[in-house]
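Notes follow the structure.
The chains carry the letters A, B, C and D, assigned in the order they are written, with residues numbered from 1 in each.
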Amino acid sequence: MSSIPALQAIKLTHNVLLKQLITKGRLIGIIIVGLLPILLGWVIGRQSDDPLEAGVGFVSYMGLSILVPIVALIFASASLGDTREDGTLVYLWLRPISRLSVSIGAWAASVTIALPLTVIPMTISAILLDAGNTVIVGTVLTSILAVLAYSSLFVLLGLIVKNPVLWGIAYIFIWEAIVASFAKPAAALAISGYSRAIITKRTNVDFDYLFDPSQGVSALMLIIITIAGIAFSSARLNRLEVP
Amino acid sequence: MELITVNELSMQFGQHRALDSVDFTVHSGVTGLVGANGAGKTTFMSIALGLRAPTIGSIKVLGLEPVVDGAKLRSLVSYGPERNILPDEMPAVDFVKHLAEVRGIPRKEAKTRASDILWLVGLGEERFRPIGTMSTGQRQRVKLAQAIAADPQLVFLDEPTDGLDPLARDEVLTLIRQISEEYGIHVMISSHLLEEVEQICDNIVILNAGKLVAAGQLDKLTGESTGLEIELVTVDEHPNSIEDVERALQQAGLIVQREPESAILRIPEGAPELLPDLVRDAVADAGARLKRLEHRRRNLEDIILDVPS
Amino acid sequence: MSTTGNARILDRGYRKFDGERLGVGSAIRSTAWHTTRSIFGLGRKARHKIFPMAILGITYLIVVIQLAIVFFFGSNDAGFLTEDSWAMVAPAIVMILFAALVAPDAIVRDQKDGMYSLYMSTPLTKPTYLAAKTLSVAGSILLITFGPALLYLLGKTIKGLGPDGIGAWFETFGRLLLACLLVSLFLCAFGLAFSCFTNRRAIASIVVLLAYVGTNIPSWILYEETNIGKNILLINPIETAYEFGARLCNAESIVNEYSAISTSMVTLGFFAWLIATCSIITFIYRNREAI
Amino acid sequence: MAPKPPPPIHMIDVSGASKTFGNVVAVSDVSFTLDAGVTALLGPNGAGKSTLFRMLCGLTTPTVGTVKVLGRDARKDTPVRGKIGLSPQQDALFDRLTAQQFVEIAAKTHGVANSLESTKHALTLVDLETVTNKPVGSFSKGMRQRVKLAAALVNDPQILILDEPLSGLDPVQRNRMIELFHSLGSQGKCVLISSHILDEVARIGSQVLVIAQGRLAASGDYRDLRTLMEDQPHAIQIRTNQPRRLGAALLEREIIDGINIEEETLNITTSHIDTFGRSIAPIAKELNVSLNEVVPMDDDLESVFRYLIKGK
């Protein structure tokens, strides 16, 4: 009865938190939100004169800047944030398992639920846009990477602030959407700066962004953000006052 | 006076039967509604306030039918909820005043009453403090104050001592007794603690898993002696005094129960009338030190444990 | 209680209330007033006053500055006081921010701090409770819709730029009042409908804002990127309500693209949204446990 | 010279522990040790009970002092966390899990070898074996309380820390759980229980720790604590057929200090409890006065508690 193997601990944490995260209200709300891009993708695909440019603009603004971060925010910030808020964190914290396993488990649970709820509607929407396979592949790839990074960031956010959804929304709409569009250093510190770069580079649609990293650098940065987020979460768990 | 009459009352939530053909009458004074959490206490209160229609059966509160005359009834009765959450930013006096107004007291009158009532519950000095800065005990008093501020005929208090420590609990119970005795407001409190109900109630209603276990006047249901208990202390000069007392009583023809090594002797019910004198003489003759001589009385716990579950 | 010739001890204890109890009307009034105080942060800490007061201040400031320029500097020709009074109603984004702030404060707070249960234990019922809340929220919104517009209308009248003749003036006034009332009610219903799901105030505000963003952005994308046509703009509830108000006042459309939509379509859109939001509120509250 | 034996490791060892939150002192310079057996922790609301429990489990660190469980610090030492069972104060559980799943997760995260069997056993101990497949979110407060208890017991911990474990239980369950605590205590486990209900505490056991205003006010057997309260005269109620005669005799012999008569009840206070106990029966016999009841009014736990908290 000493420490539990890390993989086992991650799996257990993932399973518990996943069950807690999937509530009827959240699921219905997100699916309704997910129908929106599908509908829009379909309409744009049928009615637009330049589906490629309209489509990529739609994917990067509607999808990568709004749908992906919001869905990730709702689940990831709740994964450990809710347990800290209501006091159930103690049932994971006071166990002979490492903090890193708990953070990874929480992140994995958020990804498990956020991934299908974002990538599926985004992919369907990209198919309905009817703008070629590069858009579809680009959409899938960037959505996945963005979900990983946002989930990691918002798991951490849930452990730091009391109202993570409020702070997260402010961050998404103010920093990621507005500030990052006007200031180059800000874009370098925003997930959307990298995720949008991947899809525009892949499809060769030029939006004249200020910040223009290559595909490889962007993907690497998103992965680094993911890892850093998890590492900080686990450090935060170590220093936390557990209710 | 019959405050509440309940007739074959049942409440069904899906598969779950919260109340199961319950029948009882509540008379004046303080009535304790006893049962574990989930026994149907809160459900009963919400029916009595007209906030839920019973599935079957009828109920009358102050002669009114709650479902039909809910609004009218609720201007005559008040309610103190179980959950210990209140508007944290509001000063206590504003909170009490506002609810008094909503219950039909004119504005100016509500203002003076709010202040008076907060003095009565012992929060006079604190009345301008936001409720969020108050201790659990003070918050329970605020809940009491809002319930009596509109001068109701009857108040329902759901677990009014929940979360209180023993000292604060005693103070709140004393207040509730006072509300009934001095202010003439009838009270129904729900509680899962038998001890506190025994302490302050005139009448009780015991529920268990939605079924009525017992209802009636407390002193008629309890108090009957179930035997005598004698607790002694060993004295150095008479090391065998406890055994001596035990033997003397047995020789007088009494059944004496004693756990091994225990300093407590029990004489079950049905003992002869001269018992007190027998005990007195046995203790005196043995030179024992008497710590306690007390009748064991039937209490609520006995009533509940008697019922086969 | 005890009295002798020149001394007495009075009982200061509990007093019975022998007067007449006021009815449900008074309960509604008290609750509405109480809610309104809470909305504007009166009797609470200063930080609760900032947002509502700032929005209130800004909406009035715009009109007051315009009037001040005209009255103190006499610049009638500078293009001031030439607009319809309806144009002075605060812009949609301000209104939705205000609604997202006010509606959750009015009802979500009650769920969280137990006031809802307490209200239900008083003579208030679910419908009268909602009436009190509507009175308060719609009334607060009316302050920033009707207030500035009325000031502007009065300014115009005093300068002789208003409607000619008493009959025409009262018609303009009546239309303005009716439009503001209906639009305020609409915003109130919209705010309440999207904030009654949850018992967390921050989430409720976000849901209200997202409901706006989630209808606004798609309506424009669909309008601009596709060939569906102008009627698609009616899926944007707030602009639809504003356009409906403009039609009632015989004023110019605030957002140009809406001017091409027929009045009957605008009316249809307005009432469809109003009925939908009211149905949401009714549905949620019908199923809500009182205790 | 033989080497000095190392000091014994106590199961719980709190030494000079204080905890402050900003200006608020939650726990102030508390020291005590506990070993196998059942101990009740008492104190008014806000006295620092929960903070003390959280420190013991490492959920929060003491500002000053040390808190050791089985000789280790639960915040830093991973394995020792597997030897603690905590039933926390908060009511929240993973609501969407069934009782079985909830306890099984606890077993697995503790690395219990045959988790299924241990889970079953723990749920049986708390009388929940019939509802194992229902989600805990649908449970009543008493059932949730027992699920928490099962989760705390499932890894067969050395240390059990139970914050208000009896609240919400009905009398039958309460008695069953108290029995369970006693059996765990006699199995050599260190069981520390907080409760507000003094009648419950008196049944839980006579070992108490009392904290008030963040400080340790008393520890030990509460019946012994009463005798330490020497400045507090004992109040005793006597039911007799001749209260005036008996009272006068007791006063005359200087056995009692104060007296108050109501019908057939004689209320007395005495500073000489030993003499009183020895002489009450002989005096009554001598005067031929009946002694129907002799009931000490203030040696119950409540009086001890009141004295310790308020000093009266």
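Simple rule for what comes next: contacts are C-beta pairs under 8 Å (C-beta built on N, C-alpha and C of every residue); 3 or more make two chains touch, one makes a residue touch a chain.
If you're wondering where the values come from, they're calculated on a predicted model, not measured in any experiment.
Undergrad: B-D versus A-C: which has more C-beta pairs touching?
TA: The comparison resolves to B-D.
Undergrad: In terms of CA centroid distance, which chain is the most far removed from chain B?
TA: Comparing chain centres, A lies farthest from chain B.
Undergrad: Measuring from the mean C-alpha position of chain A to the mean C-alpha position of chain C, what distance in angstrom results?
TA: Roughly 36 Å separates the two chain centres.
Undergrad: What is the distance in Å between the mean C-alpha positions of chain A and chain B?
TA: 54
Undergrad: Cα centroid separation between chain C and chain D, in whole Å?
TA: 56
Undergrad: In angstrom, rounded to a whole number, how far apart do the mean CA points of chain B and chain D lie?
TA: Distance between chain centres, rounded to whole Å: 23 Å.
Undergrad: Listing for chain A: what residues touch at least two other chains?
TA: none
Undergrad: By residue number and range, which residues of chain B touch two or more other chains?
TA: none
Undergrad: By residue number and range, which residues of chain D touch two or more other chains?
TA: Touching at least two other chains: none.
Undergrad: Could you tell me which shape the graph of touching chains takes: line, ring, star, complete or other?
TA: ring
Undergrad: Hey, which chains are touching each other here?
TA: Once each pair is checked, the touching ones are A-C, A-D, B-C, B-D.
Undergrad: Within the complex, which stretch of chain C touches chain A?
TA: Chain C residues touching chain A: 197, 202-203, 205-206, 209-210, 213-214, 217-218, 221-222, 225-228.
Undergrad: Help me check something: in the complex, which residues belonging to chain B touch chain C?
TA: 42, 45-46, 49, 51-52, 70-72, 74-75, 78-79, 81, 83, 85-91, 94, 98-99, 101-107, 109, 113, 116-117, 120, 146, 148, 150-151, 156, 182-184
Undergrad: Residues of chain A touching chain D in their complex?
TA: So the residues of chain A in touch with chain D come to 1-4, 8-9, 12-13, 15-16, 19-20, 22-23, 86-88, 90-98, 241-243.
Undergrad: In the complex, go through chain D and note every residue touching chain A.
TA: Within the complex, chain D touches chain A at residues 54, 57-60, 74, 78-79, 81-84, 86, 88, 90, 92-97, 101, 105-106, 108-113, 151, 155.
Undergrad: Can you list the residues on chain D that touch chain B in the complex?
TA: 43-47, 140-143, 168-173, 196-199, 274, 277-278, 280-282, 284-285, 290-296, 302, 305-306, 309-310
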